[in-house]
Amino acid sequence: MLSLIKKINNEWCLAIDIPKDWKSIFKIFFWIVLFLMTLTWSVKGTQFNLYRISLGIEGISDILSRMFPPNINIVSRLIKPTIETIQMSIVGTLLAITLSIPLGVLGARNITPNPLLYGVSRFILNALRAVPEVIFAIIFVSAVGLGPFPGTLAIGVSSSGMLGKFLGDSIENIDPGSLEALESTGANKIQAIVYAVIPQILPEFVSLGLFRWEMNFRASTILGIVGAGGIGFELMTSMRLFKYQEMTMTLIVILTVVALVDFIASTIRKKII
Amino acid sequence: MLSLIKKINNEWCLAIDIPKDWKSIFKIFFWIVLFLMTLTWSVKGTQFNLYRISLGIEGISDILSRMFPPNINIVSRLIKPTIETIQMSIVGTLLAITLSIPLGVLGARNITPNPLLYGVSRFILNALRAVPEVIFAIIFVSAVGLGPFPGTLAIGVSSSGMLGKFLGDSIENIDPGSLEALESTGANKIQAIVYAVIPQILPEFVSLGLFRWEMNFRASTILGIVGAGGIGFELMTSMRLFKYQEMTMTLIVILTVVALVDFIASTIRKKII
Amino acid sequence: MLEIRNLSKTYNNKVIALKNVSLTVNKGEFAMVLGLSGAGKSTLIRSINGLISVEAGSIEFEGVSVSNKENINKIRKDIGIIFQQFNIIKRLTVLENVLCGRLAYSNTIMSSLKLFKKKDINWALDCIERVGLKEKAYVRSDQLSGGQQQRVGIARALAQQPKLILADEPVASLDPYSAEEILELLTEINKKEGITMLMSLHNVMLAKKYGNRILGIKNGILVFDKQVIGLTEKEMQLIYTMDTSLIKEKQQAV
Amino acid sequence: MLEIRNLSKTYNNKVIALKNVSLTVNKGEFAMVLGLSGAGKSTLIRSINGLISVEAGSIEFEGVSVSNKENINKIRKDIGIIFQQFNIIKRLTVLENVLCGRLAYSNTIMSSLKLFKKKDINWALDCIERVGLKEKAYVRSDQLSGGQQQRVGIARALAQQPKLILADEPVASLDPYSAEEILELLTEINKKEGITMLMSLHNVMLAKKYGNRILGIKNGILVFDKQVIGLTEKEMQLIYTMDTSLIKEKQQAV
Amino acid sequence: GCSSEDESVSNERGVLRIGALPGGEDEYRRREQYQPFMELLERELDMDVELYLGSDFTATIEAMRANKVDIVSYGPLSYILAADIADAEAFALSSREDYGIFLESYIIVHEDSDIYEVSDLKGKTFAFVDPASTGGYLIPRLSMVENGIDPDADLASAVFVGNHDACAAAVINKNVDASTIVMSAYYNGIDEGRINPEEIRIINISDPFPAGPWAWRKSLDDTLKEDIKRIFFNMTDEEIALCQEVFARNHVGFEEAEDSFWDSLRKAAELIELDLKSSI
């Protein structure tokens, strides 16, 4: 073993410039140790233990066997909630996109008009993500009453936190050259966004928006809370009552929609990449 | 009005090559109409009505006033669930990253070794996203019993669907030139990934991984279901018991962690962009 | 019209790219910047319209300081720049790229909808035709050859109708025929419309043929600044040799 | 060693970039491809190592077809390519970029950990020194000037120790001094190590000076293919003029 | 979370795993409330005791089926499901001072409302607790059906708000026209000031239905079962007072539980199983 290491040391060489001053070495060492300690601490706290999974194969196969075959009879019952959920997720996602664009643009370091606005919009985006959908749902219920409307509002407002954050990040990621070129023509911020930023982030943002749509479709348990049904609620109900074969059928419906959205997303992206 | 349009028509000109054949025009028209129809249908279905929100300002201000001031006394009680949730989210996210890398790499059209594997891994990724965390949690409970471990597993497996999808998408987005260059040297797939793909997707993937960490921290209601507490469970409990001022305090704790993760993410990204 | 005083730039506190460069460019001049690869030509050109923040020295364009954030957009409108790496937006068509040069003259809302005045579009098409890309006007720029992309960058700067054109290796990717055509086009613009030119060029022959003033840069130092007429071969050699004795002299003089 | 037969390429079913090109390159040759911007030079070069799929014709390297997916990695190992747009990976250091040329010779696991045999690293550093970037070896490539980036691309191809080097405008962004130095370096390699060269170049003078064979491309057609010795000025003109009568003749002959 | 480091050991090696709902408390307080009870068990059984507070019973029932949890304090409907799926067996039933071993479920409306009886609910909005709740879903549905209201067709919309308190709050805040609440939650709410009885009108009181039991998994070691039962049924008054809050505010003692005791609910469950076939 030792001779192997020696051989490696003699024959092989790292292609990265290793820092030679003690301060840098110490810094790297410090971060590695910190990371490993955090990891150990977390693994212990979560009682993570891969061996235990292997003991539980039986339990998993038991539960999976109860999930199959899916109960096809309930499909007709799922149509209405599926449609409702699709409607809600479309409107919610469009609302989220609308809200996220100004926040994301102001929250991108390379195009924000001033650092204060940057800080404020990043804070708002963080706050929007910190508050769960349910709480937004309750707030909107007290404003507009029960039904799909408050649920849609909750989904829209709550999704905008994620969309805005990623929008900001991907604007910060664009090639600085093209932004420089636009600025060099004397174009203003808005024009720079339209001509340099949008063409570059569009594939990513379309992909993100469609993902969020899919996510909103999946996360529609929220609708149950505001009294508007939805496919997620159906899923939870069949799960809670241990009707696993119905649950599997509902999952298949959800998977179909997810796969469809994924297909649409990749088709659109292929066109604009 | 009409004269204005005419003026626009005389003075202004669209910088995009408008297709001249009827087929293309019809196609564009078709998609626009389809989009508008879907939108109207969805807006109707969700009873979306901005006017109703304006009427509900009172309700919103009432509920917000009940949320303030936050109840500071409960902070000490929140420390333990916060720590547990952080541990669980760290391990869960690392698990998810580990699982998502092979799926994401195989699910990127530009580097997948063969189209069949591409299809299979995209399908798995869709399925992983279609199944909600709760269902994974229950499956793992039947394998390893109650506690934080099944919750962590559920979070890990379920997050890998999103991480893998975005990993695949961002690999598809990389500059084809550098990938071509690597392939031209006769390097194999793995080497091409290490030298052309990773440097380009790293900032994005780090940002994504940290976002998912944050999301896992927020989504920790799952821990409540498997009997392991967590900050999300505290939040839901105080919400359901109408202890709104405690809820606000819990939200502040969550926001602090979210802001911290966001800060870490942007620091790391600034270093590697 | 352009006054540069004691300009210095050090990247990452390590790489000295410009050292104490002072020069004045007058209206109507056609100045060529020559120097070895890595000498600091791009750094000089990019700092002129404020893309690079310098740590010492001042740059004034028509009496206005470039470091003044408030005027920068007005100044940039009057300075067209052709980038060494083209910096065209690959997902836009050629026409859209060239119209970027007209944005400073266009209504924000209209231009955001890709609507331009007819005369702007015609002018942009004109510029495209002048660089020989007429047939590619509606093609996405990533479908162009290297030289074609470079010409898109040139057309964009022309479309801007600036007072000063900064050009960083504008013909590097062009065949000799197209290169001369482009340089003749720029000379014509310089002569007829009085647009000032500051250009870095690797081809010494072309630099002498088209420029009327040569600026030699070596290791970030402006080693000479002369009219083309009367420039000796020996002086020319100075910037392209590794001999540093002359530079040292110069350095002490500064 | 390289046999191209009736190669044709049309982009998007519209732009004809190559039309019925046939040529043979023998071992040890130094062939120069000349042509106007957009003539099809890059398309030809990129199709040789299979980066562009052509719709008609065949390319064989040392008797093996390039369209054969199974052999492509072996073939590519033996063909070094220098790209017009550099295609270096900007977030890697110069050394890492150049070591990419050694990947085909390295252990996958070790190289993934950025571990290389000492002799590979020394060879890479050697290549870096030969293109004059010794001091920049551990600098991230996006911090280099245009010409320096181009030289990184050259060093990567050299590091590969290929049998054939395809070079697409390898010195476009370089000053005349560095350009000649690089071309001399490539000539030396060509002479001493017998590495075949196929290069597109815009500078006719340099092409004649360093190449021993000139391939003229015009509008996707190979209009001539001659040894440098005996090439007349008139023939040379052919590719750079808009006169098309000669091309038509050629076309009918094919 | 939970305490033990190595909880992969089964109870044979000395761990008893208890599952329960937080029941209207935050986790922290609930754990404190359970502390004396767990100490009692640990002392008497001479084994470690672990507590899992799940936010609902789904995972707990699965865990029992996989022999990963030993005794659980179930709600009535959850017990029926657990008996069915996880071989749970009821062994003790908490008897309350005021309403014994039975519970009732109310249908409530706001004082100002013009709804006076169940048949008025036609076209109104209604809040249930959740689809796996007895007093908050199964029983009120039964009451509606008995009064000629089809909860799926006749209600304008049905909301699931998660717990009984929230149901009452939804009525008080006029978010819904009517809701259901189980009697224990109703009186606790009044005691603790969350519910003002002046604002609420009860329009229907259900027939009494059996409360939820303590149940173990059938496969549990027989001697252990004996021991547990012995502890439950031999608690002194002081011990009961100490563990008061674990069982119920007004718990007085345990009664023997027979599985057949919940048969009446099973019949009702069959009914909702049918009903669930149509969309909610």
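As written, the chain order gives the labels A, B, C, D and E, with residue 1 at the start of each chain.
As a working rule, a contact is a pair of C-beta atoms (placed from the backbone, for glycine too) under 8 Å apart; a residue touches a chain by one contact, two chains touch by 3 or more.
Protein identities per chain, from UniProt: A, B = Phosphonate transport system permease protein; C, D = Phosphonate transport system ATP-binding protein.
Just so you know, these numbers come straight off a predicted model, no measurement behind them.
Novice: Out of curiosity, which chains are bumping into both chain B and chain C?
Specialist: Looking at chain C and chain B together, the chains touching each of them are A, D.
Novice: Can you name the chain that lies farthest from chain C, using the mean of each chain's Cα atoms as its centre?
Specialist: E
Novice: If you average the CA atoms of chain A and of chain D, how far apart do the two points sit, in angstrom?
Specialist: 43
Novice: At what distance in angstrom does the C-alpha mean of chain B lie from that of chain A?
Specialist: It comes to 0 Å between the two C-alpha centres.
Novice: From the mean C-alpha coordinate of chain C to that of chain E, what's the distance rounded to whole Å?
Specialist: Spacing between the chain centres: roughly 78 Å.
Novice: Where in chain B do residues touch two or more of the other chains?
Specialist: Those would be 84, 134, 138, 142-144, 147-148, 221, 236.
Novice: Give me the residue numbers in chain D that touch at least two other chains, ranges are fine.
Specialist: 85, 96
Novice: If a residue has to touch 2 or more other chains to count, which residues of chain E qualify?
Specialist: Within chain E, the residues that touch at least two other chains are 1, 7-8, 56, 58, 62, 65-66, 68, 162.
Novice: Would you mind giving me the full set of chain pairs in touch?
Specialist: The set of touching chain pairs is A-B, A-C, A-D, A-E, B-C, B-D, B-E, C-D.
Novice: Hey, which residues of chain A end up touching chain D in the complex?
Specialist: So the residues of chain A in touch with chain D come to 8, 10-17.
Novice: Please output the residues of chain C touching chain D within their complex, sorted ascending.
Specialist: 11-12, 15, 34-39, 41-42, 84-85, 143-148, 151, 168-169, 172-179, 202-204, 240-241
Novice: What part of chain C is in contact with chain A in the complex they form?
Specialist: The touching residues are 49, 51, 73-81, 83, 85, 87-92, 96, 100-101, 103-104, 106, 108, 111-112, 153, 156, 160.
Novice: Under the stated contact criterion, what part of chain B meets chain E in this complex?
Specialist: 77, 80-81, 84, 134, 137-138, 141-148, 150, 221, 223-230, 233-234, 236-238, 240-242, 246
Novice: Of all residues in chain A, which touch chain B in the complex?
Specialist: Chain A residues touching chain B: 38-39, 41-43, 45-49, 52-53, 55-60, 62-64, 83-84, 86-88, 90-92, 94, 122-123, 126-127, 129-132, 134-135, 138-140, 142-144, 147-149, 151-153, 162, 165-166, 169-170, 172-173, 203-204, 207, 211, 214-215, 218, 232, 235-236, 239, 247, 251, 254-255, 258-259, 262, 269, 273.
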